[in-house]
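Let me give you the structure first, and then I'll get to my questions.
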Amino acid sequence: MEVIEQGLGQLFMNPDPDLLRAFFQLKDRKMVNKVMTLKNAVEKFVHDGDYLAIGGFGANRTPIAACHEIVRQGKKNMGFAGHTATHDMQILSAGEVYNRLDVAYVVGLEARGLSACSRKYLQSGKVQTTEWTNYALSVRLQAAAMGVPYLPARNMMGTDTFKYSAAKTALCPYTGKKLVLLPALSPDVSIIHVHESDIFGNCRFKGIAVADKELANASKRLIITTEKLISSNEIKQDPSSTSIPYHLVDAVCVVPFGGYPGTMAGEYFSDEEHLKEWMTAEKDADKFKAFLNKNIYECKDHEEYIRINGGQVKMQELRAKELLLNKEG
Amino acid sequence: MEVIEQGLGQLFMNPDPDLLRAFFQLKDRKMVNKVMTLKNAVEKFVHDGDYLAIGGFGANRTPIAACHEIVRQGKKNMGFAGHTATHDMQILSAGEVYNRLDVAYVVGLEARGLSACSRKYLQSGKVQTTEWTNYALSVRLQAAAMGVPYLPARNMMGTDTFKYSAAKTALCPYTGKKLVLLPALSPDVSIIHVHESDIFGNCRFKGIAVADKELANASKRLIITTEKLISSNEIKQDPSSTSIPYHLVDAVCVVPFGGYPGTMAGEYFSDEEHLKEWMTAEKDADKFKAFLNKNIYECKDHEEYIRINGGQVKMQELRAKELLLNKEG
Amino acid sequence: MADYNSMELMISVAARELENGATVGVGTGAPCAAAMLAQKISAPDLVIIFEAGGFGPELPEMPISVGDSRTTYRAIKAGSMGETMDYCSRGFVDYTFLGGAQIDMYGNLNSTVIGDYANPKVRFPGSGGANDFASFCWKMMVMTPQDSKRFVEKLDFLTTPGWLQGGNSREKSGLPLGAGPYKIITNMAVMDFEPNSKRMRIISINPGYSLKDVQDNCGFELLKAEKIADTLPPTEKELRILREEVDPYGYVIGRS
Amino acid sequence: MADYNSMELMISVAARELENGATVGVGTGAPCAAAMLAQKISAPDLVIIFEAGGFGPELPEMPISVGDSRTTYRAIKAGSMGETMDYCSRGFVDYTFLGGAQIDMYGNLNSTVIGDYANPKVRFPGSGGANDFASFCWKMMVMTPQDSKRFVEKLDFLTTPGWLQGGNSREKSGLPLGAGPYKIITNMAVMDFEPNSKRMRIISINPGYSLKDVQDNCGFELLKAEKIADTLPPTEKELRILREEVDPYGYVIGRS
């Protein structure tokens, strides 16, 4: 297979499916209770130097509590999939957790503007970056999920996004058309936030799936944070609705409002005031240090984080906003 | 891209995604009432010579009523995706509807044995065959759904299944490993049976998905047969549950028990007696002719077919069997 | 004639491009406002698509993220990013609106860096789904304020494909055939692309601006259509619906 | 000692291979019976997988199709064929049971045609999911009656990969590394594959049969393990559970 062009970027993960197969062959498939604290799960399954991916989209159904815990535990030198990354990346940048970054969408918080902290970290020279697109990262995860070293696509070609990627182009042997070949991406560890899970890790989320099914399938280790536990019986009564089956999961952490200050479909809307506080604090080094101390480093856990940012009253306001209750008169 | 090996089989459909794009660019996307009789839908959207694919798995959630109607209308010279094909293929073989066949699973009815009729037709020399596997056809549909000319996989290699396929092998430019490249398959027309649909074609099925999402996405034209209609409002209240969105759909045909004598998950189990009647009748040319006349050619529609094979009493028996009501004491 | 600002003008002009029954892939902000406005005026069956998975919602208000719950409110489907982009890739999506820090004469966009890639002056978000939408959707449009810093001779980084180097270069790149930039809508004018060279071309000028204004605020030479029209300003109806129904809090149009 | 037939023996022997916590891809009939028996005796956490999408059901009775509702009864997930096979492809599935009209000394299987491909004497179903399972699952097993017409020197058609031409030929074929045929269980004996040549090798002989019987009913020369064991017959418990709980109507074991 003749490669026509090749991106200049570094490929951070080996796309060889036989390595992934060898790992999964030994992964325990017994249906055992995997419930543990988020602190324990991060200690056990997130290691310095690992390649990390975070589920959800931007600040929607994103395991924010887990991002805080990673920063709190001072994880370093990680690779990171900057796939629709917004507030999650802002937190991980504040902790300087990663030094290798696959870029699809980074430093921005969509309509909310750009994160001074993420931008500063990316401009510091401490982070090696390789460029992709949102779809490209989704397809790369899908390749790993399918147990193949790459999948072809028709985006990226002709651009600097390709030039600074680690992708290759080659001609299709059926049509003679040029295609971009996207190498499989199997993160060492991923974290996905869901609406409900049983103690074994059979779980369900609602609303958009983003690339979380691909991510769950592609990842070597997977931590689930869940709004609540449900019985295994409930899963078995409606197997068409299972989003992620238990055997992919290493840890189940019960974290109510675990996506706060982001949105959780059908449960709570994002806390725009608190996100603005982040964006403002970032602009001043001293203020930001104090802000991080208060909200992460000196904060025991997510429950405390929520308490100091408005507690249950705020959560109920965000629920009302999510459910558009104001429109009901 | 250097091809290492190439199957001897014929590729029945052009895998060029730009042809598919040109078709979909012009496909009407307006949300209009698509409800029509199955007779009208088959007249309008199934043409002699078209390449046809049938949803479901074997005799599970399979649009049997539509297969009868295709035979009744005497469609000929079709291509057919013999993808987990069992009773559907038995019916289409009885009508000698197709003359080109992509084989994954054919002539058998799983644990029920082999169909004399399908086997005789395949051994007649009237049908050109190309070999694949169930997963290979699923991946070929997925390639068309993704708008790419092929997807790589790691099955088929080293076998005669590959040798008599129309697949190619080539080395992966990332790992140097040999991969099989499976060409996209976009059927001209497909038929999928579902549990419920609105009048626009937004529909839901339950239980296993088999390859029906891939098939719906890959197909140029799509006929939905549905157990019942539901309101569009019901679809919109739970968009996470939509199996197939309306814009892929050309016709919605309301056919209660449309999967009979096969199984419809949660609704009715297969009619094993009637399937045995088929298998027995096939063995004698005269008997089979009479059987087909009675059950297809002289049968007005699926309602009549059901009436002459046990009617509502039988349907309620099959419902009880599906729901394992005997186990409830 | 009604009083209006340039954002209201651009959104109104953009909305008119979206015919009934079409599909459009949008982000937050002005693109979403344009799609919502089109639905309420002339294209009730316009299908709005969000890259994160929202398909055909009845938007109750402007989403703040392309993945927030508004994007699946009474939607046809809440799917995945892969499903949505596959849908674009196989040719189902007619329009998309994109933007960037820089745009060149072929409609290529930069949303990655200002300065050198390895040592950037300013790091921007990168492609996100922009490169994907621009590669796959048939007609790509841009709404943007116009000035010479943004409309540049040479991009610092080509994030998202327009007509690449013009002529048939896009066709030869491997990108799907027949798709590409369609209209560029600025505060001053509306541009399309000359069919052979694929260079940006002025086709209408907005009220209050001259041809010279348009060229003076562009870092490359603009072609001119044989007949240059006057852009029709927003109608009373467009402004009323935009202000009262689409963006009552003025998030995008800057009024409230 | 209990009275039993050869199907009951094969299923019991097969079930013993399936350890607790393992995953197994099965079809209808004997493979499914073996998996159900294993669950009820020694491997309660054995995960049964069906190619059509059923994952980890609590089978209430023998399914008649690998896609019928029994395959998702109280299951972990009712998914798609793609999901299931992807799961196999990336190395999550330990065992599979397959069969065919012919098998050769390397464990390759034919389920496509007898006679010439273009002009077959008998047309069989083809691969179905067999080639996929055999390509992806770590250890492929076969339960089959043994005779010289079935155990052949040369297959009429190689549908499903065993060790291909033996030696390292499978490794070089492009198929995933480390997977391949593991045990062949017949009415007469149990065979494995000699690690270097990858040729079929007798490792134990079933009650009532001799080494000569086994070789006489095989169309190629079988290797012999250094120590050939006696296959343990079905226990009372195995037979009771098989007859009363797994297959009470005798669909597979031929008793009722």
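As written, the chains take the letters A, B, C and D, and residue 1 is the first residue of each chain.
Criterion: a contact is a pair of C-beta atoms (placed from the backbone, for glycine too) under 8 Å apart; a residue touches a chain by one contact, two chains touch by 3 or more.
As the structure is a computational prediction, the values presented were derived from the model and not from experiment.
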| Mutual neighbours - chains that touch subunit A and subunit C alike | B
| What is the chain whose Cα centroid lies farthest from the Cα centroid of subunit B? | C
| note | If you tally C-beta contacts across B-D and across B-C, the winner is B-D
| task | Averaged over CA atoms, how far is the centre of subunit B from the centre of subunit D? Could you give it in whole Å? | result | 28
| remark: Averaging C-alpha coordinates per chain, one finds the centres of subunit A and subunit D separated by a number of Å equal to 40
| If you average the CA atoms of subunit C and of subunit D, how many Å lie between those two points? | 58
| message | If a residue has to touch 2 or more other chains to count, which residues of subunit B qualify? | response | 17-18, 146-148, 153-154, 177, 179, 206-207, 240
| task | Could you check subunit D for residues that touch two or more other chains and list them? | result | 72, 78-79, 89, 136, 176
| query | Looking at which chains touch which, would you call it a line, ring, star, complete or other? | reply | other
| All chain pairs that touch each other | A-B, A-C, A-D, B-C, B-D
| request: Mind listing the subunit D positions that touch subunit A in their complex? | output: 20-23, 45, 47, 55-58, 72, 74-79, 83, 86-87, 89-92, 94, 136, 138, 176-178
| request: Could you please specify the touching residues of subunit A with respect to subunit C in the complex? | output: 56-61, 82, 84, 86, 103-108, 110-112, 114, 119, 122-123, 125, 131-136, 138-139, 142, 153-161, 164, 169, 177-180, 206-214, 263, 265-266, 269-270, 272, 322, 324, 327
| In the complex with subunit B, residue positions of subunit A that touch it | 1-3, 11, 15-18, 146-154, 168, 170-175, 177, 179, 181, 183, 206-207, 240
| Of all residues in subunit A, those that touch subunit D in their complex | 17-18, 20-25, 27-31, 144-148, 202, 217, 235-237, 239-240, 242, 245-247
| Complex contact set, residues of subunit D against subunit B | 27-29, 51-54, 60, 64-69, 71-73, 78-82, 85, 89, 108, 112, 117, 119-120, 122-132, 135-136, 155, 157-161, 164, 169-170, 173-176, 251
